[in-house]
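There's a structure below that I have some questions on.
Chain nomenclature is as follows: A, B, C, D and E, assigned in order of appearance, with residue numbering initiated at 1 for each chain independently.
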Amino acid sequence: MWKWLHPYAKTEKTYWLCQTLLPWFSVLGLVALITGAIWALAFSPADYQQGDSYRIFHIHVPSAILSKSLYMGMAIAAFVGLVWQVKTAFMSMMAIAAVGAVVTFVSLVTGSAWGKPMWGTWWEWDARMTSQLVLLFLFFGVMSLYKSFEDKQQASKAAGVMAIVGIINLPIIHYSVEWWNTLHQGATLMKLDKPSMPLEMLLPFFVSLVGWSSACGAIVLLRIQNEILRREMKRPWVIALAQQNVTQSNTATK
Amino acid sequence: MAVLSTQNLSVIKRDRLLFDQVNLSVDSGSLLYVKGPNGAGKTSLLRVLTGLVEPESGIVFYQDKKIQKCGEDYATNLVYFGHKLGVSGSLSAVENLQYWCDSHQVKVDTNTIYQTLEKLNLVGLEDIPVASLSAGQQRRTALARLWLKADAKLWILDEPFTALDVQGINVLSDKLIDYLSKGGAVIITSHQLLELDYPTQELTLEYRI
Amino acid sequence: MAVLSTQNLSVIKRDRLLFDQVNLSVDSGSLLYVKGPNGAGKTSLLRVLTGLVEPESGIVFYQDKKIQKCGEDYATNLVYFGHKLGVSGSLSAVENLQYWCDSHQVKVDTNTIYQTLEKLNLVGLEDIPVASLSAGQQRRTALARLWLKADAKLWILDEPFTALDVQGINVLSDKLIDYLSKGGAVIITSHQLLELDYPTQELTLEYRI
Amino acid sequence: MNGLGALLRRDLSLAYRQRAELMQPLLFFILVITLFPLGVGPEPNTLKMIGPGVIWVAAILSSLLGLERLFRDDFQDGSLEQLILSGVPLAAAALVKVFVHWLTSILPLIIISPLLALFLHLTEPMYWALVFTLLIGTPILSLIGAIAVGLTVGLNRGGVLLALLLLPVFIPLLIFATSAVESASMQLQYSGQLAIIGAMFLFSLALAPFAIAYALRVSQT
Amino acid sequence: MNGLGALLRRDLSLAYRQRAELMQPLLFFILVITLFPLGVGPEPNTLKMIGPGVIWVAAILSSLLGLERLFRDDFQDGSLEQLILSGVPLAAAALVKVFVHWLTSILPLIIISPLLALFLHLTEPMYWALVFTLLIGTPILSLIGAIAVGLTVGLNRGGVLLALLLLPVFIPLLIFATSAVESASMQLQYSGQLAIIGAMFLFSLALAPFAIAYALRVSQT
């Protein structure tokens, strides 16, 4: 593990790794998102019960699932940072936090918008909704804890502990529907046996899930790069990079 | 073998480099006097030496072993006396010291504690809450640890003379010399001129803006 | 007319008589140095003089008037600097001083505050939370009040030299002499030898058991 | 006057600096109101019935939560003794401090209470009655609570006293407030209850500041 | 071991010294539960229905109240840095401190809860279910809460974080606990719910001390 991780503890290496991964993620994300959206909105059949409003599904569910994965990713980054003292892991943690918060927010809003036609209410104290809201708060909590320390090293450590402890919320979100029989629908996709959904609804869903994941991946990579540049502003390699960019854009304008 | 030594220590606070490349080494029986103006980083250095704070870079060795690796061994051989006294105001001096000794694996009986407090001129005040002692008396209470854990190999003292009266300063100075001559090592800061009758190694930190 | 005088002051703490029959009188331009070992009752005396604490018996007069009767008059002419600094850690030095001046009816503008802090070697630290300054720097912040309220008639200072480095002690000593020679009155305690080049009145309290 | 203004500004900016801590009563309030439906069951009728009681109890508890901090920091760092020596009338200064506390840690509760009332399925007239009673009633809590906090700031043991002093105030307050909301739910007048709460408010406004100032002076001995 | 024993003794005697402050959560708890019937109306059936939820919510809130003090004094007077330097395993020391906190400020709540259950017209099986869930469930709150308190002890602003970290624990805890009491009220088995709460307890008991110790170390930087 350490052997593999070690080179990426150096910020410069990580920067270039992000740089190589970025185009793949961006292109895949863009293509999948566009195909998924067109497929889901125009071609996939309407639900026999819910009519067209079910199409929110294609945003709601990918964002809901992704929000949990992002949290997990953040917590893993925190764990790596805490155990192996890897600075770049903490940077990734903070890069994921903001993206995760946005995605969680999207899932809440779409869920809420879906709830209005389906259940006749925007909000209910359903255990899943509440725990998903808590997930949003946890993302905010990690970010605000990080902000409230002067010393960024200390801040990363504290925020990391918080991120790891917050993992308890993930199983709660997943199982809340079983524990508490209320409005929200039980697992239909994430079941071990056959998913109870027609294939022509399922396929566009998977395409949009891939799209969402890659797009978020791309944004996270960008944010990591940004953070590295900001922290290492005075390091020679960053200065060299900046000068190179300037000369390039100069030659481009000429 | 040095009791405590460091290798290229540097510490950053608020993006300001307080010091870097500090290499020091304290042997048994020697006294290191850390000097410097307010805000130079003396307290920060001492806290790094105790292991409470991680330095930005560099290593601290206790008997040629990294302090992170020493575990309890370093703890049982160290007394740190900082700006904060580490006594709780609602407990009495005796209670505070008894607890401190027990938690630091120092075996003492109550009698010894009373005798120590007597040496420090706290007769009659042993059993009242520390919060209702005067400033100097509170510091004396905390300083009693030096008497109780005199077999530690290293004392790290951050401004131990603050708030003490002349008699208190004398008692403490005598204790320091006694401890040093028995082979203890001391790292100390003080804004009051250190007038110990003992060879003194000095380390001066500068205030960098 | 004495700036401050007392008549048969006595103070009891925990059934112990700290002192009794203290009669003192401080004139404009004179310096009273209250001496005594730890726990003698210096802080207790000073707090009685400010009016924060009621004495067991006896009276404190400000310009021949009981301080309880003076109302704001005494407050506007007094600076008290005690063991506790009276600055809040989450505000910056400038904010703390600005508030202090406003609440004490001292008119200053922000520039003056910055200049004062510069004199006290706090350049660059004016706008960060006081809690993240070093021990000595925090005390310097609180001491800046003496520069800002130099037209007060009386300063009561409880161990103002604590935690200051040599340069800080010099700056403060110079300020004290300057203030005294302009007609101010000072009551001070210090365990560090007071080496002011100024005629000094002394009051020694004993430690009674 | 200048001194009081400075105190007001300083306390506000301290509150802003420690805004994370300020969020505490608010979050606590939200917490209570979130937890209740989860604990009691989400049945709209039950919620509607217990709603006003829950919100009032939650408001009382949240206001207790921040109260202890009212003079504690100032006492510990010595700002309190400097304030006493500043010549600013202490009763007025106490009033300013209580006001800032109310403004920063209780007013937000009242402001978000419509949202929470929605969650608990209160009707609109009930909601207005709730807001009015909270607006007039909560300052009483702050004022009386501050006396207890002042008395014990030096002793570092406010708990019991706080509760003992507050209990006789809470009970009538709670009874009148919930009865006002009940009247509102039945479309009845509730100005009588409001008037009584208002009288309690004026009474405590007139006397509490002096009691607080005295308590603070005693803490210095 | 000796060190831990000393810590236990010292924290207990500190708690005894500050017993007035310790009474606070207890009084608070009683306050909530007596105020409820006043605020909600004294109808026995309603009370019985909402009773377990109310007691659990009240217990959660009261335990929050004292938690912030858990490491604050020790941090401020420097006892914490001496503890870290003492060589006592910090995770074990953290566990001892949490245990003392639970013992002195939460156990009393559980002890008086039969009395309060009476006020709320709970039946005996319901009461036992309540006590069991409280006994196993409240230590979880203390353990997880202590992490948040440790993380922010240097910042002097624990509130928000405390609530945030605790919410995800509250929700399942509350759901299982109230469902256990409900089962009890219908004379059904509730060992399933107890088992889940017990598992949560063991899990947090195993991991929380290390997180707390780490948080405390970070606070020294």
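Assume a residue touches a chain if its C-beta (ideal position, glycine included) is under 8 Å from a C-beta of that chain, and two chains touch if they have at least 3 such contacts.
Given the structure is predicted, the values throughout are model-derived calculations rather than measurements.
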| item | value |
| --- | --- |
| Contact distance in steps, from chain B to chain E | 1 |
| Maximum centroid distance from chain E, chain identifier (CA atoms) | C |
| Copy pair chain B, chain C: interface residue numbering same or different (half cut) | same |
| Distance between the centres, which are taken as Cα means, of chain E and chain A, whole angstrom | 33 |
| Whole-Å gap separating chain B and chain D, where each centre is the average of the chain's CA atoms | 46 |
| Whole-Å gap between the CA centroids of chain B and chain C | 30 |
| Junction residues of chain A, two or more chains touched | 127, 130, 144, 148, 150-151, 153 |
| Shared-contact residues (touching 2 or more other chains) in chain D | 18, 20, 38, 156 |
| Residues of chain C touching at least two other chains | 83, 90, 132 |
| Residue ranges of chain D in contact with chain E within the complex | 18, 20-21, 23-24, 27-28, 31-32, 35-36, 38-41, 46, 49-50, 52-54, 56-57, 60-61, 64-65, 156-163, 167, 170-171, 174-175, 178 |
| Chain D-facing residues of chain A, complex | 123-127, 130, 144, 148, 182 |
| Footprint of chain A on chain D - complex, ascending | 20, 34, 37-38, 42, 119 |
| Touching residues (chain side chain A, partner chain E) in the complex | 82, 127, 130-131, 134, 137-138, 140-141, 144-145, 148-149, 151, 153-154, 157-158, 161-162, 164-166, 168-169, 172, 176, 179-180 |
| Chain B to chain E touching residues, read off their complex | 47, 50-54, 71-72, 74-76, 78, 80, 82-91, 95, 98-100, 102-105, 129 |
